[in-house]
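Each in structure tokens, the structures are laid out below.
One chain, subunit A, links the two complexes that follow: it is found with subunit B in the first and with subunit C in the second.
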Partner chain A sequence: MREEYRLLLPAVAVLALLVAVPTFYLFYTSFLNWFLRDPEGPTFGGLNNYIRLIQSGDFRISLVVTLIFSAASVSISLLIGLGLALLFSEKLRGRNIMRTLLVMPIVLPPVVVGFTWKFILSSEVGIIGAYFMRLIGLGDISLLGDPTLALASVIMADIWGKMPLPFLIFLAGIAAIPPIYYESAMIDGASRWHTFKSITLPHLHKPLIVALILRTIDAFNSFDVIFVMTKGGPGMATHTLPMLGWKVGFYYFDIGMASAIGVLLLLLVIAVSMPLVRRISR
Partner chain B sequence: MVRTTPLKFFMYLLASIIVTLSVFPIAWIVIASFKTMHQVFQMPPQLVFEPTFDNYRRLLFGGQLMNAFFNSLVISILTVTVSLVLGIPTAYSLSVLKNRVGRNVSFWILSVRMAPAFAVIIPYFILMYYLKLIDTIWAVIVTYLTFAIPFQTWLLKITFEELPRELEEAALIDGATKSSALFRIILPNAAPMIASASILTFVLAWNEFLMAFILTSRDARTVPVLITALSGTHKLDWPIMAAITTVSMIPAFAFITFVQRYLIKGLTMGAVK
Partner chain C sequence: MKLSRRALLGALGGLIGGVAVGAAVGWTAKPEAPARTVTVTGAERTVTQYVTAPPREKAAITIIAFAQGFAWPELFGSDGTIETDLLKKFEEREAVDIAIEWGDEWAVREKVASDVTARVGKYDIVLVGSDGAVQAYGYAGYLEPLDEYFTKYPQEYFDQNDVYKSFLDANRIEGTLYALPYYSFGPGVIYRRDLFERYDAELPKDNWSTDDLEVALEKISEGLKRDGLTDTYALTMRAGPGEEPTLDLAGFIYAYAGYPAWFEGGAIWPSEIKQNKAKPILDSSDFEAGFRAFTDWVKRFGPPGASTHTWVDMMNLYAQGKAAVLMPSAINGYAALGITQDENVKRYTKFMLTPFGPGRKRINSYWTFSLGINKFSKNKEAAWRVLTYLTGRDSMEAFAERTMWPNVTMRSVLYSYPLIKKYGIEEIELNERSVVENPAIYFPYISELDLFMDKVGTMASDVVAGSKTVENALSELQKWATDLMSSRGYYT
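Now for the complex of A and B:
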């Protein structure tokens, strides 16, 4: 038994140092009034940062943007992922190569996903943003310059980049359904719709939860794709919570308030992810 | 048995349209990397044009630009190596320790993997600021270990758990220690899976943006940071950006077929097999 514990140590010891200590420190700094370049150094401020944060208009806007962005990106990517998983579970020739092509975006750097769509939607050079928009007579609309359209655009880019995750999860879920169910449904003469509703869908309950949780965590933390495309703008139209944190912490160097945002994000993610973590780690 | 019914035909049609639409953005940026500035601005966009390799030439000999690729490569390789060396023994131990300690440590490691990058980066920024390590690859590597170690360890753990245990048990009965069983039996048998886990860790590090963005400015900036910095400039040089973007996609292209079967496990931390 002793040897197992000795082997357990390397990653655990390093992680304790690299993760546990900084996490406590993050909670600590969230109670400090601390501008990094202030020569007077930090002072203890209690809940000051949290109160300032909740009272600030920027926080409220960022929270709303994060919620809209997450709700839209998660729900649509799950729906599309499910639809595609159903289609690509059919016996189609070239199925594997098509699956591989569909999965591509998830392994790309998110920054690349953002830049690719910025290029396509650009009102200067974009095949959609400049060419198609002019073609249908909307040439004077800038997709990334209009607040509503910009939010819709970053959501679309995010869906394109993340859709492979639910797609793969549902694909695996469908493949795990014992074929005997479908065979007996066929003998009974059940319609496709009926088979889907009473066999496929109930079996996808667990995959759905996994996809939902993973996508939600991911959406709450969205930064890269949006930052490249719009930098949070125009105005604050695409300004998510991590972006607020970045601006507060590394633009204004208000470390205390940035830590408070970090703590909030951390608690949010813990609340969402714990059911999944508990289930997988058992 | 395969008959082409109207339904089947419709499915093929739909599948091809979807795949085309999904691949189009990638293809379009790769195509743009072979265009001149003038060709990029041409409307309607040209599909047939005289390709130029000028953008890649400028990228290769553009001084600052290649530096970012070099940084990304060194950071990713070192992140993978360290997390692998630390992860292997711990993962093996977790795969055999089925008591409370093992379960709690597993739970903790998996929770760490879920931590938001923004929460992690603040203490690291402060630390690196005072250690004067801002804009060095070392700051980035240490910070990357916070997600790379849990990721590697967890993937290796579920990999080891799936290996048949007979050989290992036989070795233990013959008097081998756990460590020698790990190195002589487990590791050789799990080699392909270890390679897959390492590749995914590499891709994770290669793709990471937020941490590198905050920790680096010029000398140590990685490819995603470079792309973001250049795409924020006022007069955008689209063709060279397309070339940088294309090259930055190489690891993804190179590895996707190799790790595809492992990908789902990696993305869901084994929640879906």
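Now for the complex of A and C:
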């Protein structure tokens, strides 16, 4: 065997054990009728779980919520991250302190982020949800109790917690652009918008795709913040696919169905992120 | 790396030798009871007699539970990690070595499910609630039936005759007992007398009806609005998604229909459902009446965020003095009393039995924090002794003294001096009546119960939030329930 392949073997073996084996097992269990608490044990069910899932109202609702949540969270966090990266690339007084403060949310565990926003937005005790809302005459509205506002609230909390990642990626991307391009543009009398469109944005093409891939995968898998803030409620207003998978697997103990949800979620994430990964490789 | 045959044989030989030496050491180290020689009169012979019985080997018992620091702090300390003197004494007395594993409720449920279904028996005593786990594990045969243990292994800790029958019934599956209750609650209304009087609402009384309560809530609600108290509400009930509201919602269904109106004919046991092919009736007028009343009251009289509220939010709202009525899981009101800083809440909080619904039954709500013996435990007898101690009189007394809640399982503890002194004999008698006069089983006792609890509760949350009408919600529930029961083979 060639030397380089032999040296790769330990890493591949570990990856196979930790990633490939559980993934294959996930696919396998998705074809089983397996209610964990049923003493009869699992039986082969074929596509039964997938058919039940697709026919289930809970799955359709969770899928729609996941798509809305991911699209909103990803696009807004990228826009804000880009805007802030552009701002803090300028020579501003105190920019280092501001950069540090902006990055802090990503250091916090998602559960802490969820609890923090839950209390801030609470219509009983929250500084925004209770006091500010009453101050502007909207005390009858609950930010976490109204279906639309609850979804907006969890999206906002997710953006707040995850925006530092695209911010850092864009900041690094902007720092890597040779200053000579900007100097030439300035000499030629280009406007700020023209400079941004023709120099900054093209150079941020790959960092943008990297940020998009990472944020997309993260948003599709988002669970902690939503669980802590609303538990998927009110009703199923913030009930995403990961929440459904958790509930079906760890509350209903329907292992077969939960595995099917996991497989579909995996395929969805691959379908969305693969085209982006290919663009980077070009 | 290639291993030579010699190296392999050497390693194997060493392993076998090590095991043999270890076994020999263990055998020789086994303690022997002291012995003496006795001479029998009339015939010279020597008899070896042990002075005392050989010491009992301690049985290792592992418990899994949630509520670390709240459950049994007198045994495990206020952080749940200490071996107190009381625990050590019990362990010596009963020759057991107790280890307890704590977790949050979800983690504990998962661990219990994994252990019993894998038949490992890692946990000898498992925590089960009467709102799904008792049913699921009882029917599956994962819990040890306990009735015969009372006669086979008499103990002095748990007196069945002292425990309120309904709390034991809550842990029976078709007559067989599968778990013993620790702290438990029945239905009740916790209310602020001062707010009722301020807004001229008729005070709760013994034989009051849901109509009476509704009128009172309307008056209080209007009065609060008139006074500009926009952060205070007539009623606090939980309507968060999931199983949370269903214990209480099921009580409304029971009160309005007059029976558990979930399946045709009011069937609640799997055998009844199968025998009568009793289909779900979740879109019937009987089920709808209670469902509508519950969701309607939460929307009209509760805070705007109630569609995400759990028992913690109910308790906190009442403790802050921002609710006039908390019901029907009154235990949360007593918990609020324990934490409130509001003088009016402390001074004016009262308890009353729940009102009668149109079905001539009181609104109900029951739950027991119960413990059962794992069917696959290797130390069932020892586990039984520990179980009866954890749920027995001493533990209940300690619970009552610590919390000052009247939500205890035993009559002797309910009528104990500390509780009577705090609440007065009248309120204690009302608490007793709430568990004696209301049945613990007011919803189906089937192994799919937790699925129903979750689905019905989430639908109620949807209705309270305004994203579904009652009709749509019940129509969806009916279809879901029929499909589920059919797929589980109830109608074949």
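Criterion: the second predicted complex is superposed on the first by the 255 of 282 C-alpha atoms of A that agree within 3 Å, B and C clash if a C-alpha of one lies under 4 Å from a C-alpha of the other, contacts with A are read in each partner's own complex, and residues count from 1 in each chain.
In this text, contacts are C-beta pairs under 8 Å (C-beta built on N, C-alpha and C of every residue); 3 or more make two chains touch, one makes a residue touch a chain.
It should be emphasised that the depicted structure is a prediction, and the values quoted were computed from it without experimental measurement.
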Contacts of A:36 with subunit B and subunit C, given as first, second, both or neither: both
Which superposed partner A:186 touches (first subunit B, second subunit C, both, neither): neither
Touching partner for A:79 - first (subunit B), second (subunit C), both, neither: neither
Touched partner set for A:124, first subunit B, second subunit C, both or neither: both
Which superposed partner A:266 touches (first subunit B, second subunit C, both, neither): first
First, second, both or neither for A:51, with subunit B first and subunit C second: neither
A:250 touches, of subunit B and subunit C: first, second, both or neither? both
First, second, both or neither for A:110, with subunit B first and subunit C second: first
Superposition-derived comparison: subunit B or subunit C, residues of subunit A touched: B
Partner chain in contact with A:18 - subunit B first, subunit C second, else both or neither: first
Footprint overlap on subunit A, where subunit B in one structure and subunit C in the other make contact: 36, 124-125, 130, 134, 231, 250
Subunit A to subunit B touching residues, read off their complex: 3-5, 7-12, 14-15, 18-19, 21-23, 25-26, 29, 36, 84, 87-88, 90-92, 98, 100-112, 115-120, 124-125, 127, 130-131, 134, 160, 165, 168-169, 171-173, 207, 210, 214, 217, 220-221, 223-224, 227-228, 231, 242, 245-246, 249-250, 255, 258-259, 261-263, 265-266, 269-270, 273-274, 276-282
Footprint of subunit A on subunit B - complex, ascending: 2, 11-12, 14-15, 18-19, 22-23, 25-26, 28-29, 32, 40-41, 43-45, 83, 85-87, 89-94, 96-97, 101-103, 105-107, 109-112, 114-127, 129, 142, 145-146, 149-150, 153, 177-179, 182, 203, 206-207, 209-210, 214, 223-224, 227-228, 231-232, 236, 238, 241-242, 245, 248-249, 251-253, 255-257, 260, 263-264, 267-273
Subunit C to subunit A touching residues, read off their complex: 106, 109-110, 113-114, 116-117, 136-137, 140-142, 230-231, 239-242, 303-308, 313, 316-317, 320, 322, 447, 450-451, 454, 458-459, 461-468, 476, 480
In the complex with subunit C, residue positions of subunit A that touch it: 36-39, 57, 122-125, 129-130, 134, 139-142, 144-147, 150, 230-237, 239, 247, 250-253
